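First the structure, in the form of structure tokens, and then the observations on it.
Per-chain residue numbering starts at 1, and chain names A, B, C, D and E are given in the order in which the chains are listed.
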């Protein structure tokens, strides 16, 4: 039973994939022996993976087979990698931010007694994320899809004693699982349509001239459903509109987790996968429009919600939601461009480029907020902070760079370029969505300036804010590095160096530029004027603060559709199925049995009568009845 | 055997049979059973089964009835007080009896020899006698009577019993032996009364 | 004397020795270990042993009756070997896990149930395949009746219901098997030998309609033993009230006999039986009942053992889905799923049993926050729980994936047949299983600890078998091809490739 | 030295023992038991050794006794069951003497010998007269045996009931024989078979005769409409007599029933389909009336009575599968096989019951409580017996049921099959009630261990082993029963 | 003229009468008498059939031999029966059917 032979080019990706897994496994098994060493082990593995991903940057495209999974005759599901520009870029993001988060959490989690378990789960996450990035076929993608869900469950639920964290991790996993339900249906439909080959190259070939080609003409509904199925996987993972409720609650996890998973990498996996299977979406125009609209709506809605949040991490969480909406909208719009307007797709992809830039500054913002929380003795409410500019200068500077890039300050920030490319595509493909994009940009500017002003400017509102001092060096260093990366990623050459899939800037329509700059100015000025020197929130919009009451709606749905239905079904099953199949025959047998017992009632006269009657019956049966029946 | 006599004896048998069932006093039913057996014996004789007829009277009417009377007297069983007559049992009995009788009647009508009279089923004694003389020499008396046209029923019966069914006779002996032992065991007086 | 006969007879002899007074725990654990070692030896040497011939490996046969030719024949192909490995593992864990305070009958009953299962999996004769399974009826009955959980009246009622239900089910099965054997022996001599029947089936297959009828009767018979939906009401109370070793063995191992029977007897001999329209729809209706109805029922449960018991009934739906699909991939997926479900449910019941011993109750409302004081226990339970909800990397996922993929093998067509719709609905079952298992996990291990009720971690020696089971789940989860390569192509490919 | 001489020898030994008691009152029970058991054992040994070819019978018996495989099997069977009953009587002697007149038990040791002779003659009977004569010998002896322990009111009551109903069934039997004779003109089985084969025999009278004959025999084997006496008589009679009735008398009844059915199912017989219908309906009814009321029984002895009724039902169903040639065993062969498996389990059940009774226990299921503590061997042995009665595989009971199921499915008698399944399913309940009681130990049960002497232990274990061996390796039994199919069903085909 | 069916009908009625008596009466001795009546009815049928079944010019004596054995058996049966009835009377002071109802269920 030796696994099939491996070719040499696969050794690097295999190491990249297996190293974190082995680290996680050794931490699980030997955490008593390793004690402190496990933390070092996990950081070492993150560092090695970063180095390997750098080496991979200039490797040529290849699709090596890494590990066998299921092999029956010619049917084969295997862990085979697919190294191309997109995966190399993403790999760089994952490993770099992963390493920085490892370092940051070294400080952040110093006095947490579950530290060993935390780093074990982090390594498990790195393993699953690498699996998604390198995945060569949809099955492998699905496998690591669920593993990522598991690691987010472990990390969110790290402080499982807190009931809120326990609920949050359960909610995250279940929402992901609902997304995976749709994802698997999509995969199975493609599996069926493409004669069993769901590797990306096989699917691309299928759509080009294989069985799927004429399928797109003849069975549009089938292809649309397949595309939407695949999209549902992304909705679950990247927290798009119907299944977005778990991301804000995921803030229950430690901040480094939020930074790594819920800002940069995991939530981006959905967009990464959509871009990977863009040819599936391009195959059905109405799927593309649906995707675009869901992206747009999510972006707008999340932005509206963010305006009324008081917890620093929640604001950032909603901003991530909004930016993800942008990326999904970009995927949809580009698909519309290709399928409806028959533009041939350019080299890069606006969604990937925005994902790329967003990863850096959003991770930096989250780590910054982590430093602030750490400094203010785990205080998360921005209204209890204030005036931190003086107390925490370095964090202030990095935070400012991040905010600027997020708001999309024109020309000097990477955020601007990536947002610009999306709005550009939006302008041509679908005008209404373009205006929604602009509105979201404005809102983004508004709530970021609001947060920035409340936290850093003005006077410290509480004691802890007053005594806040700069976070230790181990936590500030990653901030600085990330700030540097954010700044660098505005330059074309740096991005090309890091294979960041930059779309070529076809000359956009001037209104795009003007609209985005106007949105920025209006949003930030209103935010600045409204919140400067205030000690409480002037606006009080219940609808946004309570997140459009989605949590309550979903709770009702779950309660009615599942718990009460379960109670009813349980009762019915006990009464009918158990009753009819088990208790009824037993009752009948008992009834007949007790009736038959009267026959042996002890009276001799009854016996003689019965015997006589028996004889008569036998005679009647044999002599008169059976001959007629011709039995 | 004129048919009148047959009906007379049939009437006696069935009448007294009914008396046995209906009589209140066990002695009357015992005696009516005896009379019924006598009627039955007469029917046997009408069927040329003289030996069986006499045995019927000797064993049944004689020994068995005497035994019954003896037991009735010994146990001094009074007439059945008719306070609690079990109506259901009687109705059941009547139904059973009539249904059985109807069934038997229909079947006996269907019997292939049912309309054969005694004369038609005549016995050919002389031929039997010659045939008997031819086959086994050591039974001259039977073949002599047969040739003379009279039916030596008892002799033929003896022949059948001791020649064909000798083994069964021994078993009957064994059975009677067991019967007597049973009687002794079951009715011997015990020192104290059974619990 | 083929090694398989030793594997079957060893637990029987051990049980007899214990009954005659040998030290209970030592003998039973010894027998279980030896059995495990032999089975592992067989697994590793299986490739060589079965290289040449198509049929069974490690064969031996002893004629027991002439006219209905019955032979005590043993033989193992890939499927039987996998299930024997499952039995050996679960028996080892179940027997090891019995506390010293428990009477010797615990060991005897577990060994008898194990022997019954092993005999059923390894015999190549329909008679003994059926007969060995019934060996476990009285031990299960006595153990649930005498040593089950809950007050005596409830225990006895559950014992009665289980025994009579299984008894009636096996009688219906007997009628089905007898009809099958009679149909196949045509004019000639009656034979119960599987290979002869299979040759006969290949030679002169039965008319389709008769195949469907016999298949349906067998389905009812085997279905009752496997708790197929309408015939399942004995299973949940039985596993919930049974003492831990019996629950582990019965739900983990013995329940698989029904599926193994369908796989070994019904499918090869009645290939079109399952594909006939009315049988297919009936089967799909029943297994969806298993998945959806029992899924909802499990969500409604308030105790851990009820959740585990009902979930084991629900998971049978997926395996039946594999059988209904009937393609090569789906059938192998079903076999893998049998193995994986057996290991994971045995692990969970062992842990539940340990929890009940220490805490006295398994009510969710009364427990909470156990994670803090019993980390090892929590990790082991996590392994079992996440395996049972089909997390990739653990054994169940590969099986479920192959079952689902196997049902979508009608390449090129874009319309969904009943089978495909059934798969889509059972995919939602996967979500439901995540709901109830995570709710259980959350209310037991997460959140704040209840007053005074907290668990200590089991000692290393007590944890050993549980770690073994968890390790098996992980190994088979990561490399399912280890087991799949055992099943050669002789597993009847019923429908498309 | 022929088989007949063995039978006569037994009868004479019986008479001798009766006489011995009379002339030497001082003789102890133990010596009487030893003589009679020794005699039967010797007879069994001789029977095994003696040359059993048909020609070897004395000439005057050639017309009335046949020695085919079935006859040989049932003669051996009668010897075996008589020996076991005598052994059982010697076990219970002490306890039984409390209920008999002046504590004397001699008849309990001598009458079984005569009954055994009677049963052996029944096994070989070739015509209705021999059947009637030997049947009556057995029945009258049973009248005496059942009412033997007449100081116990229950035994007397059982005796009366058996007497009245037995006499009634004898009357019906004779009337049946009369009508069969009337319709076919012959009393021997071959004569009847020939008459049934030729088409112009009138059908109706033969049917009436057959119905009455089967009704008479039905009573003897406890078939459905005539089974109401069985529970009362089995409960009232002393345990050895009940065992004898439940196994010996039933087997003898079935051997005659097999002969009669073989005759009725002769090639081209007029009444084959009617009798087949009766057997199916009767068998199914017997199984149901035997197993469903048993659910409510609390006395184990009465439970075993119902089990004997339900097993009679299965035997009837086995007989109904007359046409099938799929099994080497003819229908009669299957019945013999089933009875061979039925013997050890029933005797074992009654043995354990007797031992419990001797040690002061009652017959109720509650008296079995805690038996596993008091004597693990007894509990284990009883579990094996009950499992086999319930028909669990790997026990003898299952093999019998398997043949019955094979027969039923082969003739596609689905209704009867359903009844058989329901009966067996109910069986799981009422047989396992006792098993559960044995292994539950609570305060109410007396807990001092039960002393078992060596012989009892050996006997119980031997019976248990025979149950398991017959269940797992029934080949020798089948080959014995199928030795010369030609003679076995000469009359039939 | 008297035909075979006359005899059969008479014996049939007698048999039915006996059966009715057995079921109707409560006194066990009377029941026993009716049983004897049924037996002798059966004998009548046997004799009738043997007479009408002429074998080589003579009635078929094997049937009459059977009648003889039936009578002997009846005698033995009566002996044992009455012994049991006496024993019953001694212990229950009654020969009514109601006295034997303890065994039931």
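Annotations for the structure displayed:
Operating definition for what follows: a residue touches a chain if its C-beta (ideal position, glycine included) is under 8 Å from a C-beta of that chain, and two chains touch if they have at least 3 such contacts.
Remember, predicted model here, so these are calculated numbers, not experimental data.
Both chain A and chain D are touched by B, C, E. Taking the CA centroid of chain B as reference, the farthest chain centroid is that of A. With centres defined by CA atoms alone, the chain at the far end from chain D is A. Of the two chain pairs examined here, A-B and A-E, it is A-E that is joined by more C-beta pairs in contact. Of all chains shown, the one whose average CA position lies nearest the global CA mean is C. Separating the centre of chain C from that of chain E, both taken as means of CA atoms, is a distance of 65 Å. Chain centres here are Cα means. That of chain B falls 8 Å from that of chain E. Measuring from the averaged C-alpha position of chain D to that of chain E gives a distance of 26 Å. Averaged C-alpha coordinates put the centre of chain B at 71 Å from the centre of chain C.
The residues of chain E that reach two or more other chains are 8, 15, 18-19, 22-23, 26, 28, 31-32, 43, 48, 50, 53, 62, 65, 69, 73, 76-77, 80, 84-85, 87, 91, 100, 102-105, listed in rising order. Across the assembly, chain C contributes residues 164 that each touch 2 or more other chains. For chain A, residues that reach two or more other chains under the stated contact definition are 597, 600, 602, 604-605, 608-609, 612-613, 615, 619, 623. Applying the touch criterion to all chain pairs gives A-B, A-C, A-D, A-E, B-D, B-E, C-D, D-E. Listed in rising order, the residues of chain A touching chain D in the complex are 589-590, 592-594, 596-597, 599-600, 602, 604, 606-608, 610-615, 617-619, 621-623, 626-627, 629-631. Residues of chain B that touch chain A in their complex: 86, 89, 92-93, 96, 99-100, 103, 107. Considering their complex, residues 597, 600-605, 608-609, 612 of chain A touch chain E. By the touch criterion given at the top, residues 128-129, 132-133, 136, 140, 143-144, 147, 150, 153-154, 156-161, 163-164, 167-168, 170-172, 174-175, 177-179, 181-182, 185, 187, 231-233, 235-236, 296-297, 302 of chain D touch chain E in their complex. Within the complex formed with chain C, the residues of chain A that make contact are 1, 3, 28, 68-73, 75, 77, 139, 142-144, 146-147, 150, 157, 160-161, 163, 165-167, 169-170, 173-174, 177-178, 181, 184-185, 188-189, 191-193, 195-196, 211, 215, 219, 222, 562-563, 565-567, 569-570, 573-574, 577-578, 581-582, 586.
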